[in-house]
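Across the two complexes that follow, chain A remains constant while its partner is chain B and subsequently chain C.
Up next, the complex of A and B:
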């Protein structure tokens, strides 16, 4: 059976089991009707603007509590870990979750950067796109640029983004029996979504590459699809 | 400051972390440490009910002839116990720092099960940075 691409399974209503587990609809635990009642009690004292009416630029420079994010991410990993059969599966799920974040990051960043310009543009060459991921995307998501970009010497379709101290992993110590696991698969998913959205389909994975100085150093490995390299040759 | 040892006791009275930082301490088996921690948990529960003026925090410092035992009780019931010499006053602030490290590296770690023994590299290394290596 031809399986639909894994990352679409959570978006479509396909009958894949992962869709059932990850989809908020169809689960009684997400009590959607209760959400407006919270607003109703608040609304009695102060009228809050609808979230859809709020200016998207209002939150451009606001920051989220790193502790709150650490607890949320910890719960995400625990929740996911209960529903997978192995490390590869766990990394794939984290990648899918990151992909959903990345799609929104790209859209929001493009809107913020280009919406006021008379001639909006987007990157069509790979290297500038990679540079903008390394600086702009990292700054938007983690508050600082990544530490390095490298090109693989062995394979010309492989590029690496290196983060010496990845924010999602700052408080995570992976047990020895799972040392293969890199929770930065979530970050890899973000990168994959941004590259996909820019028209550079690729497979993105995360790998631990610790050094003496940076024990949680992580390499985000980008393996571009062949079509991207072929197109790069043409537009050169 | 000199620190003899650090214990972390969960809210049920179980010892989830124990480490010595000075050579020459009495050698106890892990079972004896568990009994000691459980006994301290009981003593603490009694002392918190002794106050004639309503609820109390329970014992905070227990002093012996040659050592002092400082207890930090968190709002969730976890106890941090620091064994130090009688001189020196930084035990409380050290315990606060230990609590901070615990919150960062243990509670935010998805691979730790609450109330279970702490076997986390990040916790060990940051405790080492705070209190010195000693013996493990």
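Up next, the complex of A and C:
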């Protein structure tokens, strides 16, 4: 009776210590709320503040270091590349990951800008929305505005945002046999999520357009859905 | 006096709902269901019939204020949901034209007024209420819910279509409703 009991306690001790090794700073570094179930009593005491106790503006001045981001992004690309069958697939997956970031960026960015105002506003016209992506979204995500906005001459439903030195690609050199790949598909996903959220559904892709001066210059190509143009025509 | 809040995902599926009974003095006493039924009704089911017949003339009663039959204080859950759903068309009309997030009194149905709040990510907060004069309170309430929603959204496991089951979220929305409504 005693024997299995003590072995059990040894086991549980070792598993506990390995858990400690995995998270050296303890569980407090995870930002998860303490996963309350539906049936949990509301008045229960909590050991650490959950996500609803935090101030959304507190992080305004504290930024993530570029090297931490570069490291994480390199892992994202490697992880994704192992699980896809081609460049198109890889770009599509990066786009989806970016989309998940973009919808949060949109909500949080607007909250930070508008929550102090009595009557918060949304963008309802396309061009101002595009301008706010060029400046505000870029500033929120990359710390500086993008370099240019262009409108396609041939197709009236195409717009381009140009970044001369995109942050995600700063430490990436694409092998020659994959030269079509643009890791800024991640950024394209962010743009697509923001446009989608504001009610301008579009297909957004990233393309390398290097110049002599800026070898990693990237164009984010926005191809709007027909419904958006028709609506803009009506409200004009 | 009661309030009904619905949070709708961008594809208009409900992700959270709340019914709140205000502790503040009611402007009009709410009658039990039976006393509001027309005389010909004999069963409790007739209340639903009355509500539904009112629903078919929703556009009519929209233009004729005070018109239509007053029904059982509108306490029936399905009637409330129907009114909220019916107001979505109006909300989408208005949100295309106006750039404010808080849309006050976008729709009216009998004694109910529908106020809405649209976040930049196209999530709609729909509030059914029967108070005409509490604009400031409703605005503050929506503002609190917006902040709580943004925090929920920042959870990486939450997507725009995930139903919100967090007890902490629920407790905070209730606290704000108690304060503002």
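The rule we apply is simple: the second predicted complex is superposed on the first by the 184 of 236 C-alpha atoms of A that agree within 3 Å, B and C clash if a C-alpha of one lies under 4 Å from a C-alpha of the other, contacts with A are read in each partner's own complex, and residues count from 1 in each chain.
The criterion applied here is as follows: contacts are C-beta pairs under 8 Å (C-beta built on N, C-alpha and C of every residue); 3 or more make two chains touch, one makes a residue touch a chain.
Note that the structure is a prediction, hence the values are computed from the model and not measured.
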{"item": "Partner chain(s) touched by A:50 [first = chain B, second = chain C, both, neither]", "value": "second"}
{"item": "Partner chain in contact with A:231 - chain B first, chain C second, else both or neither", "value": "second"}
{"item": "Which of chain B and chain C A:178 touches, first, second, both or neither", "value": "first"}
{"item": "First, second, both or neither for A:71, with chain B first and chain C second", "value": "first"}
{"item": "Chain B versus chain C as contact partner of A:81, first or second or both or neither", "value": "first"}
{"item": "Contacts of A:143 with chain B and chain C, given as first, second, both or neither", "value": "neither"}
{"item": "Dominant toucher of chain A (residue count), chain B or chain C", "value": "C"}
{"item": "Chain B versus chain C as contact partner of A:198, first or second or both or neither", "value": "second"}
{"item": "Shared chain A contacts, counted only where both chain B and chain C touch the same residue", "value": "none"}
{"item": "Residues of chain C defined as touching chain A within the complex", "value": "10, 95-102, 118-122, 139, 143, 146-157, 159-160, 165-172"}
{"item": "Touching residues (chain side chain B, partner chain A) in the complex", "value": "104-105, 107-111, 119-123"}
{"item": "Touch list for chain A against partner chain B, complex", "value": "67, 70-71, 73-78, 81, 171-175, 178, 183"}
{"item": "Interface residues, chain A side, partner chain C - complex", "value": "32-33, 36-38, 40, 42, 50-52, 54, 56, 100, 103-104, 106-108, 110-111, 114-115, 118-124, 196-199, 231, 235"}
